[in-house]
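Contents: one structure, followed by commentary.
Per-chain residue numbering starts at 1, and chain names A, B, C and D are given in the order in which the chains are listed.
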Amino acid sequence: MSKPRLTREQIAARAALELPDGACVNLGWGIPNLTAAYVPKGVTVYFHSENGVLGMGPRAAKGEEDFDLVDAMKVPVTLVPGASFFAQEDAHVMTRGGHLDVCILGGLQVSERGDLANWRVPGARGAGGIGGAMDIAVGARRLIVTMEHTSKDGARKIVKRCDYPLTALECVNTIVTDLAVIDVTSDGLSLREVAPGFTPEEIQSLTEAELHYSGKVPEMFAAKP
Amino acid sequence: MTQQSKIFPSVDAAVADIPDGASIMFGGFGGAGFPNNLIQGLARKGSKNLAVISNNCGTGEGELGILFKNRQIRRVTAAFPGPGATYFQEQFDKNEVELELVPQGILCERMRAHGAGIPAFFSPVGVGTDVAKNKEERVIRGRRCILEQSIGADYAFIKAFRADKLGNLVFRKGARNFNPVMATAAKTTIVEVEEIVEVGALDPEVIVTPFVFVHRMVVAKGLRYV
Amino acid sequence: MTQQSKIFPSVDAAVADIPDGASIMFGGFGGAGFPNNLIQGLARKGSKNLAVISNNCGTGEGELGILFKNRQIRRVTAAFPGPGATYFQEQFDKNEVELELVPQGILCERMRAHGAGIPAFFSPVGVGTDVAKNKEERVIRGRRCILEQSIGADYAFIKAFRADKLGNLVFRKGARNFNPVMATAAKTTIVEVEEIVEVGALDPEVIVTPFVFVHRMVVAKGLRYV
Amino acid sequence: MSKPRLTREQIAARAALELPDGACVNLGWGIPNLTAAYVPKGVTVYFHSENGVLGMGPRAAKGEEDFDLVDAMKVPVTLVPGASFFAQEDAHVMTRGGHLDVCILGGLQVSERGDLANWRVPGARGAGGIGGAMDIAVGARRLIVTMEHTSKDGARKIVKRCDYPLTALECVNTIVTDLAVIDVTSDGLSLREVAPGFTPEEIQSLTEAELHYSGKVPEMFAAKP
């Protein structure tokens, strides 16, 4: 498989199309965080951060950083009109209580029933870190996972059953990868879109869990690099 | 008299009685709202064998890092130790420090519960994960939950933006984060603050932490590790 | 478009779809912060068989009184029905309305728990009293506790002082009371507000209820029953 | 017993002497609410109300009432410097969480081990009402009950065991009545003071529970009417 897959930025840009106008959205570390830059024109989205901000705007310009106003990745950001500050426990009332419309997290593995593993690689050194991911995964009205379809060494990440430490059970609604858009349904995984130039059969061969599809599967949007 | 007694003349005076073995909460998230002056004071004081609660475990020698470097910490409850927590990670790899890893919202909620007189609660967060180990599981109205215990501490070290002389606090932007909830969950809450104003100078509508949760204050210019 | 859609043209429009049998929370305490215009609208709408949650049960025809007078309420969860709640008391004495009496702080906490995704919690309040009847009791770290369930509703009717067009809210003095927590605990939160200002006109530091908890707004001059 | 007992105002005035300088204090309905008027000169006390106020001052003057600023009895009040507003659930973080120094509640019965019954007379018509009393009784660092020593029909209210519906178990620290000041200790009830003109034996005869005392028991402060 040497055909070009989507870049991380292109995954983020495709995921951004899932955000409805007016949505309150939390973005995790990594590819999810890139999504903010790709919200379509005409769509207004309010970004939430676990440290108690709703209504984060773009990253602060050089020289205009306020280091009391950072996102969950510690990057200085700006505010949009209508933003508010609150305490961390109230930020998690929003995550866990089901008040955020869409959350996007990174993934190490997603199972066919929507289990997510995203916080620790088994056997890796160090303590790992959960952060807000478990609260977010449990509480999100709609959870999107963005990740590469396979790991650097070619291991399949969309699996029948996760063998990495879990983040939450049956929480993922949609997976956006560099090869496909896949919805988690009560009947299993439904292949909604494939990356340009790929066939459903090729995607299935890179996916441990069974993918459901029929007829011609549409192509994913791939943003111009 | 009562009103003045919370204000300490120096950072070192504010932390002078922290004993070995104390449990301490530390505010701060993403480089903002860390009580770095108090942490430096605690490093100078040298109290050992501490059980600490903090979202993360420092960045190099910054934030909690200096306390790990000095081997003052025996046990830490955290949500995200962090890739920059080099001293913690080194000791963790050698089993020289104990870690309880907690989902971040549940860490907040356990502290809030303590401050609110709620000894325990059932939550769906962490069900089926490593976090559920050794915890009671129960289905509540159709939802699998685990039982979480409230968590308090002897001290909370927090950072506020401005205080009045009574101890009413306001914070600044994302530097609010864990600070208000920790103030409710400790026997003694020690605040470092940029400025202390007269009683009555803060609008009663915008006070975030009422003075009832504040026991010691010290003025210190904010220290930041980016 | 999204920003405008929460603003309703009239009180009656804001409550036009409340069905019979709905569960509704009502803010207000001590005569302050009651959504009296929405309550009057609900009286005009005439929805019946309601299950309501409110600290008290009205004062004469004021506050919730009119809904009891009109026999729109089947069941009420309250902390302090109140001596002035004549219509409620009359129906209660005749067993025509069901009452669940809840300690006030626990009522708040059960609503907060619902809004916070916490299905149940253990509390020492009410142990050994009528409130403990039919509740699981357990000793937690040496303290007798009872298990309390979170409580939500289809609607919250609340009163705020000022909103922006997105639905961010600020309250006024003691009129804040139950309103913010109820906003977090209902599927649909309907706010009556004295004034709606432009988005960005409220200081992000002083917003009490962020817009994510607000679904409908209507401007109405405050109505008060003293 | 036709000797004059303390008035409700005098009970409140005596209870006010129990308030240490700087204390955060919640007052219940009835006699407790009267206490606010009797805080000694030189003592600063911060009154808390369940509707989310810390730092209530005296009642508002006629014509200057703000009906958004009321105490738990619905009476318009003022603020002292350093006051703050917060939400009802946060007001009860303070009550239940043990953050208030002293709370004063009314009582229908208090038992010898400090159980309190104060929200419902058995057999009375109507629903009764708990309000904040249970949260306050459980959480107060120090709980004082103010009440008449006996009921209007002469029934003794300080009892071995409450038979009225309970508010909380083993919560009362001190009882201030129109006849006595009594501390609840691990050894039972300790008679600290008696009303002017009364003997300990007279107080005991009006008290079902056993009172401990030895030697001369000091007289209660009785404010000038």
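The rule is simple: contacts are C-beta pairs under 8 Å (C-beta built on N, C-alpha and C of every residue); 3 or more make two chains touch, one makes a residue touch a chain.
These numbers come from a predicted model, not from an experiment.
Trainee: If I rank C-D and A-C by number of C-beta contact pairs, which comes first?
Mentor: It is C-D, judged by the count of C-beta pairs in contact.
Trainee: How many angstrom between the C-alpha centroids of subunit D and subunit C?
Mentor: 29
Trainee: For subunit A and subunit D, let me know how many angstrom lie between their CA-based centres, rounded off.
Mentor: Roughly 56 Å separates the two chain centres.
Trainee: How many angstrom between the C-alpha centroids of subunit C and subunit B?
Mentor: 33
Trainee: How many angstrom lie between the centres of subunit A and subunit C, each centre taken as the mean Cα position?
Mentor: 35
Trainee: Hunt down the residues of subunit B that sit against at least two other chains at once, touch-wise.
Mentor: Residues 109, 112, 116-118, 123-125, 172-173, 204-205 of subunit B touch two or more partner chains.
Trainee: Could you tell me which residues belong to subunit A and also touch two or more other chains?
Mentor: Residues 85-86, 92, 96, 135, 138-139 of subunit A each touch two or more of the other chains.
Trainee: If every chain is a node and every touching pair an edge, decide which shape results: line, ring, star, complete or other.
Mentor: other
Trainee: All pairs of touching chains?
Mentor: In this structure, the chains touch in these pairs: A-B, A-C, B-C, B-D, C-D.
Trainee: Quick check on the complex: what are the subunit A residues that touch subunit B?
Mentor: Listed in rising order, the residues of subunit A that touch subunit B are 49-53, 66-74, 85-89, 91-92, 95-96, 115, 125-135, 138-139, 165-169.
Trainee: If we count contacts the way the header does, which residues on subunit C are in touch with subunit D in the complex?
Mentor: Touching subunit D: residues 29-33, 55-56, 78-83, 88-89, 92-93, 99, 101-106, 108-109, 111-112, 123-131, 144, 171-181, 208, 224, 226 of subunit C.
Trainee: Within their complex, state which residues of subunit C touch subunit A.
Mentor: Result: residues 1-3, 112, 114-118, 164, 166, 168, 184, 199-200, 202, 204-205, 207, 210-213 of subunit C touch subunit A.
Trainee: In their complex, what parts of subunit C are in touch with subunit B?
Mentor: Against subunit B, subunit C makes touches at 109, 113, 116-125, 140-141, 143, 145, 149, 170-173, 204-206.
Trainee: Give the list of subunit D residues in touch with subunit B in this complex.
Mentor: By the definition above, subunit D touches subunit B via 21-22, 24, 44, 46, 48, 54-55, 79, 81-86, 92-94, 96-100, 135, 138-139.
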